[in-house]
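For clarity, chains are labelled A, B, C and D in written order, and residue numbers in each chain start from 1.
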Amino acid sequence: MTPADPVRRGVGVVGGSGYIGGELLRYLSVHPGVELRWVTAHSHRGERVGEVLPNLRGIVDMEFAGLDAAGGRLEEVDVVFVALPHNQSQEVIPRLSQAHPEVVFIDMAGDFRSADRAGYLKYYKTEHTAPEWLPRFVYGFTEFQRRALKGATLIANPGCFATAMLLALAPLARAGKLHGDLCLTGITGSSGSGNRPIQTTHHPERATNVRAYKPLVHQHSLEVEGFLKTLHDGDARLQFVPQSGPIVRGIFVTLFTPQLTPLELLRIYGDAYDSEPLIDVVDGSPELRWVQGTPRSFIGVGGDEERGGVAFSVIDNLGKGAAGQAIQNMTLALGFAEPDGLQWPGGFV
Amino acid sequence: MTPADPVRRGVGVVGGSGYIGGELLRYLSVHPGVELRWVTAHSHRGERVGEVLPNLRGIVDMEFAGLDAAGGRLEEVDVVFVALPHNQSQEVIPRLSQAHPEVVFIDMAGDFRSADRAGYLKYYKTEHTAPEWLPRFVYGFTEFQRRALKGATLIANPGCFATAMLLALAPLARAGKLHGDLCLTGITGSSGSGNRPIQTTHHPERATNVRAYKPLVHQHSLEVEGFLKTLHDGDARLQFVPQSGPIVRGIFVTLFTPQLTPLELLRIYGDAYDSEPLIDVVDGSPELRWVQGTPRSFIGVGGDEERGGVAFSVIDNLGKGAAGQAIQNMTLALGFAEPDGLQWPGGFV
Amino acid sequence: MTPADPVRRGVGVVGGSGYIGGELLRYLSVHPGVELRWVTAHSHRGERVGEVLPNLRGIVDMEFAGLDAAGGRLEEVDVVFVALPHNQSQEVIPRLSQAHPEVVFIDMAGDFRSADRAGYLKYYKTEHTAPEWLPRFVYGFTEFQRRALKGATLIANPGCFATAMLLALAPLARAGKLHGDLCLTGITGSSGSGNRPIQTTHHPERATNVRAYKPLVHQHSLEVEGFLKTLHDGDARLQFVPQSGPIVRGIFVTLFTPQLTPLELLRIYGDAYDSEPLIDVVDGSPELRWVQGTPRSFIGVGGDEERGGVAFSVIDNLGKGAAGQAIQNMTLALGFAEPDGLQWPGGFV
Amino acid sequence: MTPADPVRRGVGVVGGSGYIGGELLRYLSVHPGVELRWVTAHSHRGERVGEVLPNLRGIVDMEFAGLDAAGGRLEEVDVVFVALPHNQSQEVIPRLSQAHPEVVFIDMAGDFRSADRAGYLKYYKTEHTAPEWLPRFVYGFTEFQRRALKGATLIANPGCFATAMLLALAPLARAGKLHGDLCLTGITGSSGSGNRPIQTTHHPERATNVRAYKPLVHQHSLEVEGFLKTLHDGDARLQFVPQSGPIVRGIFVTLFTPQLTPLELLRIYGDAYDSEPLIDVVDGSPELRWVQGTPRSFIGVGGDEERGGVAFSVIDNLGKGAAGQAIQNMTLALGFAEPDGLQWPGGFV
C-alpha cells in the first residue's frame, strides 16, 4: 500500500483474517483506486496482518482491529466489505448502514442473497433476523447486474457455487432456453470451506479423495433459482450436486444441456460474454489452472451435434467466487472504470 | 509367490509392465488359487519384474519375457490376461486362442467389448481386424454376467469408466427405470491414462487442475449402451462427461435420476447388491479413498424426496475398473469360490 | 475375518478408530495366524467398525467396544495392541498387564520407548507416571531386536520418524561409523498427525505446502539417540529436521554421511539387510510410492566417491512406521514364522 | 498490456511458451515500466499467446514469433530475456549481442552462470561453445550483486536451486561462517522440470511421491560454489541433495549449521535482509505457500541453542528462482527503482 492518496477511496474490511477476508486484502493491495483504512479480525485483534497472513507481509502494513473499529471509523471509508460467517452480517450490516447510509456495504456471506425468507430458513436452518432489509440488497452477479449495481450501497455478493452455476445458466435463462431439470455438478476446492479445520478438510481424508455432499439440497440453490427467475420465469429446477475435490482453489461446473447443440451454446455464450474483460468462452473444456488466483472465468462448450451439448464454467472460488467479484461490484458501486485493478494473470501452472 | 503347488492353476500375463499389467501381478501375487508362470513386457524383456516395478520386489521373483513366451508357453497356463494397448489384442488373442482353445483369455483392452463393428470404427477410429471374433467374447461385467462367465474362455474385461457407470446404471436398467437422456459425470485419476507421460498427465498441469475431455463422445459409451440394451431395450441414451481429476487412482461417477426418489434408488440398489461381497450400498455419498487400492465398489444414493434422486458409484480404476474385475472373472471362468483372494482392505487414508 | 479357528491366536486392539488403530485392523484382517476378538474406541463405542472405517466394511464385522472391554476380556486374547494418544498407555498398560502378565502388550505410543525419564519430561512435557515400568519394555525396532523380542510381553513400538531414521542409522552405528553431528531431514505425510483435524493438517494449508517443524528438537530424537547408544557408545548427536509434506502416507529420510563413500554405504546396508524379507537396499534414491500401504522399507544410497555419501530410507508411517512393525513384533513375540501375513505388495502408483 | 507508452522500455522474450518464458510474460504484463514488443516460441510461431497460455488471454495480446524475430527486431527493445533450453543460449546470445551490444540480455539457462569451463563440461556434459563470453556475464543473484548489475548488458540469471541455496548460504559466507561440508536438502516442485512430460513428472508417479535425484552432483552446485568463493575463499564444500516433491511450484531448502546458534543465524540474516523489500526473515520455519506465485523469499531459522542451528529458505522456483529475479535484474540494469512491479502478493492458500 502506498501512503494516503487524496484521490484514493477509503476501504474497510470486517473479518479480514479468514480466507475470503485475506483474499480481499490481496486484491485491494494492488488496486490503484482504493486505500485500505482498517481491517478487523476478532480473534487476531492487535496482531500485525503480516504475522497472521505472511503472504501480505510488507504489503499490508497494519494491525487487525476489533469489530468496534468498523463502527467507530466508518467516516474514513466509502466501502466496507463484510466477510463474517453466515448469520452474522444480518446483525452487523443493518446497524452500521443505519449509522452511515452513504457507505457501500458488500456482504460476502449468504445473509442477503435472496429475498425469500422461507427459503432462508429452509437452507440456513435459522430465522432471518433482519428480513425487512432483504429487499434492499442488490444481488451482485456483476455481469448481469451492472445497472442495479451502479450507485448501490447494499450489495449481496453471490456465493462461490452460485457464481459458477450462474455463469453457465444465466445466458441460457435470458435466452429462454432453460426448462425442466437442470442437471449440474460442481467440483470445489477446500478453501471454500474456510480456515477452520474440520473432518472433510482434514488433509489425510481430502488429499486423494472425491466425495459429493448435500446433493440437490445445497444452500446456493436458493439464490440461483431466485436470480434465474428474474431473468426468465419458467419451470426450471436445479438438480445440483456439489463435490469436494482434492484441490485448494477453484470450482469446475458441468451443466448438461441435451436440448441445445454445441453450436447454439457457443453462440449464446459468445453473445453474453464476448465483450466481458474477465470472462472468456472456449470451444472445449476450460481448466481450473487457467483461473486459479485470479478474478477471471472461462466458459467452455462441448458435446456432439447429434447427442446434444454440455457447458462448463471455471472460476477461483476465492476470486470470481468471492473477492474478485466483490471488487468488481465495488468498482461499479463507486463508478470506477472496469476492470481496474483486476486485469492481472495467474500462472499457467 | 510360494513355490509351485500342484493344485494352483497356472496364469500368464501379456503386457505386464504397464499400470494394469502391474496391478494384475499385484492381485495375482496374493491369490491363493493361482500361480504366475510367466509375464511378458516387450520393452523390458530380460529385466527383473522387481527392477521395473519395485513394489513387487521380493514378491514376484521373475524376469519379463518377450511376447513370444505367450505363444510358446501356453501349455503351462489355464488363464492368460492380455494387457496390451488398444487395437493389439485383436491380433494377438485370436492367434493364441486358436492354438490353445482350452485356455481362458481375459482381454483388458477395448477390442472385444462390443459386437458393434461400426461403433468400434466410430469410437476407436480404426477398422476391427478380427470382427468374426467379436460375438464370441463374454462381456465381463461380473455381477450381471455370472452365468455367461462360468466356463467362458474368451472374456472382454469392461473399461474402467464403463464399469463405474454400469454399477449405477445396470440395476436401474434391469428394473426398467432408464429412459431418455442419462446424465453422468465421471471424475478419473491419472493412472487411467497409462504409464506413458503425455501433456494431460504432466504433473505441473494436472496436480491442481480439473478439466473435462471427450464430453458425450467417450469410447466407453459404446460398451455401456450396448450392454444396457441386453438388460432392457429402451430409448435410454448416455450423456456422459468424463473429467480428469488431480488424483492417481479412482473414478467417481454421478448419475442424475430425477425420475426416482432416493428411497426408490436405495431399494433397487439394495436388491441388486446386498448379497455382493465386493459391493456396498450407502445412504449418502461414497468416497474414493474407501476403495483405492482394492477391487471393492460403493454405490451411494442422495437427493431429496421432492426434487429427485442422485446415484453415485466409486471404484479404483485399476481395481474393480481393471485388475480386480479381471480376477473376479477368472474366478468364475475357473469355477473358484468367490471372492477368493479379493477380500482385502485398502487404507482408510 | 474367517470364523473362530482354534489355532488362531486371539488379538485385541485398544483405540481402534484412529489411523494407527485402523491400520492395525487392516493388517490383522489378512493375517493367517490371528483372530481379532475385540476392539475398543472410546468415542465410537457401539458403532460398527465398518460404519466408522468404511474401508473395513465386510472385512471386520464387529462393533467398537468401550475401554472396559480391554480389561474385562483379556482372557480371550494373547496380544493387545494399545493405540492410545501419548501419555495414556502409561496408565492403561501397567494396570492390564498386572492383571494378565501372560498377555503381550504392544504399545504404539511414545510412553515406553526410552528408559530416560528426564528425557521423557523434556520431550513429552509431562512427568512419566509409571517410571518403574520403563525398563521392562523391549524397544521394538524389529530387525535389530529379534532376540529381545522373542517371548517379550511388553513391547514399545518405535515412532514413525524414529523407525525411518534408525533404518539408516542403526547399521552404521553397529559398524562404528557414526560420529559427531548426524544431519538428517525427514519428510512426512499428514496421516502421521492422526485423525483429529488441526491447522497444520488443514487441506488448504497443507496440500501444496512444505514446512519444517520442531527442527532439532523432535521427541523421536530421544528414542533414536537412546537406541543408538545400545549399538555403539560414541559421541554421535542427532541433528534431525522433520518436514511436513503434501502427502498422506510415507516418510522420506535423508542422512548425510560425508565420511563414507557410496560403496561403503552399500556394503554396510547390504550386510545389514540383504536377508531381510521386508527391507530392500537400492543404489540410488528409493521412492515413497514403493512402500505406501505396506510394511516394507527401502534403503537407498547416493553421492559421489569424491564428495561422500548420502543414505535414504523410505517407509509408510502407518506401515513399517506403526502397524506393520507392530505385526512384525507380534510375530516374534508369539514365535510365528516371519514375515507371515506381511508379504503383500502396494501399488506401483 | 496498455498501448505503447513512450516512457516504457521495450522488452523481447526468446522462448516464451515454456514455463519460465510464460512466467516472464506474466510478470512483464503487470510491470509499469516496460512494454513487451515481441515474444518468440519456435514450436508455436504464428499462434496467439492466449491460445497457448490461456492464463494470459486478454492480457498478452500478441502472436508468438519465430526466433528470427529476435534478430530482426532488436532495435525495438532495451532488454531481451532468453528462456531457451540449456546449451542453446551460448549460441544465440553472443550472436545477438554482437549485433546490438547496447541491448541487455538476461539468460535464464545455465550457460553463463560460472566462468569455470571445466566445471561446465563436468556438470552439463558438453563443451561450452562460447567460452570467451563466460567472463563477460554478471551472475544475477540480485541482492548480492547490485553494484555489478547496474548498467550490465550480459546477465546470467541464477538457477532455481542455486538461488534458494544462496539465499541461505551467501550471508553466512560473507560473514566468514562457512567451513567444511555444507549439508543441504532442497525439495522442488515439478514445474522446475519444464513443460515437456517425462517419467519423473508423470502425474501418477509424482503426485504422492518423494524421491531424491543427483544427490551431491546437481549442476547448480557449480554456480553456488563459484559464487560463494567470490564472497569468502574458504574450504566450504556443498553436500546438496535435491528432492522431487509432489508440488508444482516452490523450493524448500534446509541448511544444517550446527556451528551456529539460532540467535547468531537470526542476527546474520537480519543484517543481510532486513532492508530487502522482497525477502523476509522469520524465527521458525517458513512455508512454501507464502511465496508461491510471487517473486518473494523467506528465510527461516530454527534449532536449539545447545544443539545448533538450522536455516531454511523458500522461493517459488518460477518466481525468485527464475522470472522474478530476472525482473529484479532488469530493474537494476535499466536503473529503475526497486522493487517496481514486483510488490504483489500471492494467496495465503
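Here is the rule we go by: contacts are C-beta pairs under 8 Å (C-beta built on N, C-alpha and C of every residue); 3 or more make two chains touch, one makes a residue touch a chain.
The structure displayed is predicted, hence computed values, not measured ones.
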{"item": "Same or different residue numbers at the subunit A/subunit D copy interface, by half rule", "value": "same"}
{"item": "Chain of greatest Cα-centre distance to subunit C", "value": "A"}
{"item": "Centre distance in Å when subunit A and subunit C are each reduced to the mean of their C-alpha atoms", "value": "46"}
{"item": "Centre-to-centre distance between subunit D and subunit A (centres being mean Cα positions), rounded to whole Å", "value": "35"}
{"item": "Inter-chain centre distance, subunit C versus subunit D - centres from mean C-alpha coordinates, in Å", "value": "40"}
{"item": "Multi-partner residues of subunit A (each touching 2 or more other chains)", "value": "19, 191, 195, 204-205, 208, 246-249, 286-287, 289, 349"}
{"item": "Complex contacts: residues of subunit A adjacent to subunit C", "value": "19, 189-191, 193, 195, 197-199, 201-208, 246-248"}
{"item": "Residues of subunit C defined as touching subunit B within the complex", "value": "19, 22-23, 26, 29-30, 53-60, 191, 195, 208, 248-249, 277-278, 280, 282, 286-287, 289-291, 293-294, 298, 318, 343-349"}
{"item": "Contacting residues of subunit D [partner subunit C, same complex]", "value": "181, 183, 185, 187, 204-205, 208-213, 215-217, 237, 239, 241, 243, 245-250, 252, 254, 256, 258, 285-289, 292, 300, 302-304, 307-308, 310, 312, 314, 349"}
